[in-house]
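By letter and in written order, the chains are A, B, C and D; residue numbering begins at 1 in each of them.
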Amino acid sequence: MSSKRKIINDPVYGFITIEHSLIFNIIAHPYYQRLRRIHQMALAFLVYPGAVHTRLHHSLGAYHLMCNALNELKAKGTIITPEEEVATKAAILLHDIGHGPFSHSLEHQLIPNIHHETLSLQIMQAMNEDFNGELETAIDIFTDKYPKKFLHQLISGQVDVDRMDYLTRDSFYTGVSEGVIGYDRILKMLIIHNNQLMVEEKGIYSTEKFLVARRQMYWQVYLHKTVLAAEKMLVHILKRVKLLYQQNNTDIHIKTGGLLDYFLFDYTNVLDKKALEQFCKLDDADITFAVKKWSTHPDFVLSQLSTRLLNRNLLKIKLQSEPFNTSQITAKMDEAIEKLAISPEEATYFVFTGEAKNTLYKTSDERINILFKDGTVKDITAIDAPLIHQTISMPVKKFYICSLT
Amino acid sequence: MSSKRKIINDPVYGFITIEHSLIFNIIAHPYYQRLRRIHQMALAFLVYPGAVHTRLHHSLGAYHLMCNALNELKAKGTIITPEEEVATKAAILLHDIGHGPFSHSLEHQLIPNIHHETLSLQIMQAMNEDFNGELETAIDIFTDKYPKKFLHQLISGQVDVDRMDYLTRDSFYTGVSEGVIGYDRILKMLIIHNNQLMVEEKGIYSTEKFLVARRQMYWQVYLHKTVLAAEKMLVHILKRVKLLYQQNNTDIHIKTGGLLDYFLFDYTNVLDKKALEQFCKLDDADITFAVKKWSTHPDFVLSQLSTRLLNRNLLKIKLQSEPFNTSQITAKMDEAIEKLAISPEEATYFVFTGEAKNTLYKTSDERINILFKDGTVKDITAIDAPLIHQTISMPVKKFYICSLT
Amino acid sequence: MSSKRKIINDPVYGFITIEHSLIFNIIAHPYYQRLRRIHQMALAFLVYPGAVHTRLHHSLGAYHLMCNALNELKAKGTIITPEEEVATKAAILLHDIGHGPFSHSLEHQLIPNIHHETLSLQIMQAMNEDFNGELETAIDIFTDKYPKKFLHQLISGQVDVDRMDYLTRDSFYTGVSEGVIGYDRILKMLIIHNNQLMVEEKGIYSTEKFLVARRQMYWQVYLHKTVLAAEKMLVHILKRVKLLYQQNNTDIHIKTGGLLDYFLFDYTNVLDKKALEQFCKLDDADITFAVKKWSTHPDFVLSQLSTRLLNRNLLKIKLQSEPFNTSQITAKMDEAIEKLAISPEEATYFVFTGEAKNTLYKTSDERINILFKDGTVKDITAIDAPLIHQTISMPVKKFYICSLT
Amino acid sequence: MSSKRKIINDPVYGFITIEHSLIFNIIAHPYYQRLRRIHQMALAFLVYPGAVHTRLHHSLGAYHLMCNALNELKAKGTIITPEEEVATKAAILLHDIGHGPFSHSLEHQLIPNIHHETLSLQIMQAMNEDFNGELETAIDIFTDKYPKKFLHQLISGQVDVDRMDYLTRDSFYTGVSEGVIGYDRILKMLIIHNNQLMVEEKGIYSTEKFLVARRQMYWQVYLHKTVLAAEKMLVHILKRVKLLYQQNNTDIHIKTGGLLDYFLFDYTNVLDKKALEQFCKLDDADITFAVKKWSTHPDFVLSQLSTRLLNRNLLKIKLQSEPFNTSQITAKMDEAIEKLAISPEEATYFVFTGEAKNTLYKTSDERINILFKDGTVKDITAIDAPLIHQTISMPVKKFYICSLT
C-alpha cells in the first residue's frame, strides 16, 4: 500500500479512495483539473437546477466503480495484476479528458469532425509524455489493444462503469428517480468468461432495469425538449458569432479576449500540438463569459439570443416523430420576422428545425452476454425478456422545431 | 390557485411546487437567474467535488421549506393571509439576491463595506419597481417591519428556513453526513406563541441536533482549511490585480474585458443605480475567466497565484488556536523569497496569516424559545441540555498561516 | 383542525400526520392494532431479511399517500369536502383489515372461498357499529357505491395509493432498488377529469416506470422461488395438520391451544359473527407458535416440514414456463421415498408441483387514462410507449416443482 | 475464494456478501436462524412502527461492517491472517446469539442473573462442538483471550461494529434521523497502533458525531417513555403469571403449551445443557402467543394487562430526574383501586415506579484513543472537544411512574 492514501467525500457513493501515486498524479494534472470547470450535463441545469455536477466528479465516480468492479472480479478468481489494475483505473479516470466546454452540446462546434474520444486519446498521449510512459498500458486498454479484452469492456461497453456512473450520478443530481439503477448489484453480477465481460444469470433483472433506466433518462433528461432548445440556442450563438467575424474581423466587440477566440476565429482544423494545448485550457467559463459579453453586442440577433439564454428566456420547442411541414415552419418564420422586425435570414436564428438523435447512446452493438449457471452464454436478446428487446429497439430520432412561441 | 402550476425536480426534497404568479415572475427575473451562476459554497468544491450547487438552488430550497413551514403553522391554527403567505415566500426567495461572485469568499472585496443583506434589500427594492410595488410586503417582512414578527423569524432567526436549507443542502452536496438535520421534524415542531416563532417541547432533541450539525459543518466544511487557503488565494489575486493597475493603468493584460473591470478599477464606493445594475450582472464566470486570463500575466505573483488556484495547486495552510509567532512567519517568508526568487513584498502574497472567524454564523443572539406543554416558555439555554450550551459557546476564532510548504 | 395532532415516524416518508378523531379511533381499535402482528410480505423475510414490515405499517403508509393525493387534487381545483376526505382516509386505512396471518400466503387456507377484500368489508361493517355509523361513507367509497368514483379509484385502481405504497415500502424494506418508483411525482401528476382519476400527459414516463417496477418486484420478490417454496411448505403443513386431526381428533399434540384451533378444526365455513370475531384476533404469532409446536410432533411429515421451515432448511424449487413432465416428478418422488423412508402418500408433502400465478396483481383491466394538454383522454395502451404494452402483456403463470434436491 | 458465494440484500448497506463455509454454516444453524424471530428493538415498534427488524438482521449487518473494517485495516498494513479474519467475522455474527425473546426488555426475567453475553458464550461453545472446534479462535477473540487485542475491540469496544450497526440500523428502521452516523467514514478512520484499535486524528468529528448520535438515540428511542411503559407492562405480566402459578399450579389457563412454560414454571436456575437447548428455541412468538392467551385469563390483572399490551392501550408514564414522592404514588394507587375495583396488591400492577437506567450503553470506560499524525496518542477526553466531554458525562438515570392516567 502506498503511504499516500486519500479519501474524497462523494454524496453518491460515500467515499472514494485514492491509493496509487499514478492516480494522484493524474488527478493533480492541470488537464484533469480543467474538468472541474465543465458541467457533466451541459445546460441541463436550466431544467434540473441540481444538475450542476462536473466531468471531474463523474470521472472520479466511474473510477470508484471501477475499483469495486475489479475487486469483485478478483474475488471471483479473475487474474488481474496490480499493473493492469492501476492502468485500468487510470484509463477510466481519463476516459472523458477530451470533453470540451458544455460537453456534448458543443461537440464538433469548436473542433469540427473530431469525436471527444479521439481527443481523449490525444490528450492521454500528451500526458503520457509528461508521465514518462506510465500511461502506456492505460492507453492500450483504452484503445482496446490490450489482450485482456474485458478491461476495455469495463471502460467502454454495454455495461461499463462509465454508463453506470453517469446514470447513477445524473439521476442523483437531477432528482429523477426513474434513472436509479442497482449499480452495486450489477457490479456483483459481473463475471469474466472467455476473456469477455459477462453478466451472471441472476443479474438479468438488474440488467433489464439498467436498460430501462437508460431509456427513461434519455427521454426525460438527456433529450428533454427545454434542454435541447437551450443547447441549440448556444449552437446558433456560436454560428452567428463566426458569421459576424467573417463579415468584419476588426469588430472589437466580438472577441472575448480569452482562449475561445482561437477556436472561433483562428483554428484551421489542424489539431496540432499548440491547438491541443489551447483546447486543454478551455472550459465552460470561456463560453459563459462570452455569452455575457455578446448579450450587449450591437448585432440584434447575437445580443438577443445571448440575453435570452442567460436569463433562461428560451425559445419554444416542439418535438414530434414526423418532420415538420413547410407551412408550419413558414408561419413561425413570418411571425418572427414581424415580431422582431428582422430579415428572413436573421429569423433563421429564432426559427429552425432539426432532429434529436440519441447520439449519446449507441444502440448498435447493444449486446450483453449472459453467463448461465450451466455454463452456456446467451446474448441478452436471445432471452425471453420482452422489456429488453423493446428498450434495445427503441426509436432514436425525433424532430423538433424551435420558434418564438 | 393560479392556473400556472409548475413543479421543479430537486434531489434534496423531491419536488418544489410553484403556484403563484409573483413567485413565477421573481424566478424569471434576470437578477434571480443570475444566481444560477453563483456557487453556493464558493470554492468548497476544491475539497468536496460535489459541492457545486448554486445560490439559485439554495433559495429555491429555502422557499420550499417555507411553503411547508407556513402550511404547518396554518394547520396549527396560526392566521396567515394569502397575501402574507406569498410575501413571505417572495422574501425568502430573494433573501440571498445580494450575493456576489463566490459569495462569502469575496464579500467586501468588490463592494467594500456593504453587507450582502444590504445589497439584497437594495436589489429587492429595484425589483419592486419592476413589479409595481408587488414586493412591498415582502420587503417589510425581510426588514422586520411587518407586525407579524414570526414571518421575519422564519426568514432570519435561529431556526429559520435559510439555515435549515443550507445545512441540509450543503451536507447533501458535500456528502458530509455529519451535517444532516431532521428538517422535516423541526418544521413540524414550529409553533407561534405571542407572535414569536418557537419550538415545541418535543422538538428539543431535533433542535439540539440542528445546533450540533451546524457546529460540525462549520469546522468540517465551511472553515475547512484547504477551502480557506483557496479563498485567501483568490482574495490575494484581486489585491495584486488592483495594485498592478494602480502602478500601470494602461496594462492591457490586466483588464478582463468584462463587468469585473468596473468593480476592480472604476468603482468609487458609491453604490448608485448604475453600480447596482452592473453588480446584478456579475457572477462566478467573471472571476473564473479573469483568473484564467491572469494565469498568463507577465507579473510573476499574479500568474503564479492564478495558475495555482486554477490547477488546485494550493498554498499549504496551518490552523491553530493561538496566533503564529514572528519567527515562524519569518522562516516561511525567507523560504518563499529564496524558492521563488521574489522580493519580500512579493512574498507576502504567498506567506500570510489571518484569523478564521465564524462570521457566517452569528453566535450572539443564539436564542431559541421552547414552548412547553404547560404553556411556559423557556430560552433553550435555560434547559438542562448540556450539548446545546456547548454548541452555543463554541470557539469562533482560529488563526491560520498560508505558505509554500 | 382537531386539537389532537400526532406525528408518527416513518422511515419511508419521514412523518405521517394524524389529525382527525375518526382516524385516531380506527388506529386505536384492536382490530387495527392486530395488523401490527401480521407481516406485510409473509415469509419473504426468509430471502430478504429486512422485509419484516407489517400490514399496519403499509396501511399507515397508504393513508399518508392518500393525504398527499387529496391535497394535490384539491390544489388543482377538485372539490372534495372535509367529510369525503376523512372517509377516504378511513377507507384506505382499513383496506387491508381483512388480511389474516401471513397475508396472501395463507389466503383461502383458514377461511376458504372468501377473498380478503370481502373480509375487509365485513370487518369494516362490524367496526362501523362500534363507531355508530361513522364509517358509512368510507364503506360506500370502499365498495365503489359513492358517486365520486375517483375516490374509490384512489383506493383501488391501476394507480392507487395502495400499490404506490406497497411497491415503495416493499422495495425499501427488501433493499431491491428495482422496485423504487417516483411516487411523489405520480401523485403530482394525478388529476380528475369526468369524475375519473387520470394521469397528466407529463406523467407518462413515471407511470411507465411504475408499471416496470411492479413487473420487476413481481419476479424478483413476490414470486421469488425460495419464498414460494417456503409458502407452499406452510400450506402443506396446515394440510397435514388437518388430515392428522381427521384421523385422530383426540391427539393432544396437534392442537395449538390458541385461536388457530378454531379455524383448523372447528370452523364450518359459515362466517358468522363469532367466526369473524375470532378471525380478528388471529395473527402471525398463532402460526409461528403452532409450527414450533408441530416441529416436535410424532408424525414424521409434520415435524419434518415444520422443523425445516423454522430453520430455513427449505425444499428445493425449480420454476419453468412449461409444466413438469411425469417422469421428472416420479424421479423426485422415488428419491424422497427412499431418502426419508416414507410412503408415496407421505412423499407428496415433499415433492409437489403447481403454478405460480400473478394473482396478487390483476392484469385484466390494466387501464390507465392519460389526460393530454389539449383535453383529449387516451388509454395508456393507445400511446406509443412499447414498454407499457409489454409490461401489461407480461406472462402471468409459471410452473414450479418442489422437492428434496 | 470459496465456490459458494452468496449476496444478501440489505436495505441499509445494499449487499452483504458471504464467502466462507464457516460463515455459511453458522448462518444455517438453527440457533442462528432463531434470531429471525427476535425483534432487535423489542417493543419499540409500538412507538416506531418501522422498528420491527430482527437480531439476525443486526448481526448480519455487524458482520458486514466487520468485513469492511478488516479490509480497511489490511489496506493500511495491519497483518490479519485469513484464519483470524474468518474467526473475527464468526465472533461478530454470534455476538448476540444469547439474546432471548424481546431482547433487553426481558433480560434477567426468564434466566435470572445471567447476562446475555454469558449466554452468547455458552451457546457459542455448544455450537463449537457441532462444528468440531472450528469456533475456537472466534471464542478466544470474543472473550478477549486472543493476543491481537484489536480484534476483540472491533467486536466490543467504544467504536465497535456492533454499535455502529445498531445505531445505523435502528435509526434507519425507526426513521429517527438524529441517530444517523457516518459509519463509513469512521471505518475508514480506524487504525491499529500498539495492538490497539484507534481512530485517526481526522476522524475526531465523526467520532464526536457518533457519540452525540448514541446519546440522541438513547433519549429519543431506547428510553422512549412509551416504549418503557410497554416493556414494564410485559415484565409485570410475567410476574403476575408466576405468582398465579405459585398460587395454583393446576390452572390450565396459565400454561402456554409451549417452551415458555419451562422457563416460567420449571426452571431451577441451573443453566444445564437441557435448559440451554430449550432456551435456544425460545423466541418472541412464544411471548406474543402467551400474552394473547392470557388476555382471556380469568384473573383480572393478568387479562387486563395482556389485553392492554396487545391493543397498545398502554399505561401512562411520567419521567423525571428526581424520584416520585409518596403522596403522588398513593394518589395514583387510590385512583387505580377505585377505577378498576381492585385490591391494593392488585393495583401495584398498574401503578409502579422505577428507574430508567442507561444499562444498554456503558458510560464507564468510555475511552477512545486518537492517533495523531505526529504519532502521539491521546484519550479523546484529553482533546479540546467539549461535545465529547458532555456526551460522556451524560446523566444515566431517570425515574418513572406508570399509572392509569
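In this text, a residue touches a chain if its C-beta (ideal position, glycine included) is under 8 Å from a C-beta of that chain, and two chains touch if they have at least 3 such contacts.
Bear in mind that the values here come from a model prediction, so they are computed numbers and not experimental data.
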Looking at C-alpha means, what's the farthest chain from subunit D?
A
Contact-pair count is greater, between A-D and A-B, for A-B
So what's the Cα centroid distance for subunit A and subunit C, whole Å?
44
Distance between the CA centroids of subunit A and subunit D (whole Å) is 50
Mean-CA-position distance for subunit B and subunit A (Å)
31
For subunit B, which residues are shared contacts with two or more other chains?
14-15, 176, 185
Residue positions on subunit C within touch of subunit D in the complex are 8-12, 14-15, 28, 30, 33, 36-37, 45-46, 48-50, 52-54, 56-57, 60, 172-176, 256-259, 281, 283-286, 288-289, 292-293, 310-313
Touching subunit D in the complex, subunit A uses residues 1, 5, 7, 14-15, 17, 19, 75-77, 184-185, 188
As the complex stands, subunit C meets subunit A at residues 176-178, 180-182, 185, 205-206, 208-209, 212, 215-216, 219-220, 321, 384, 386-387, 390-391, 393-394
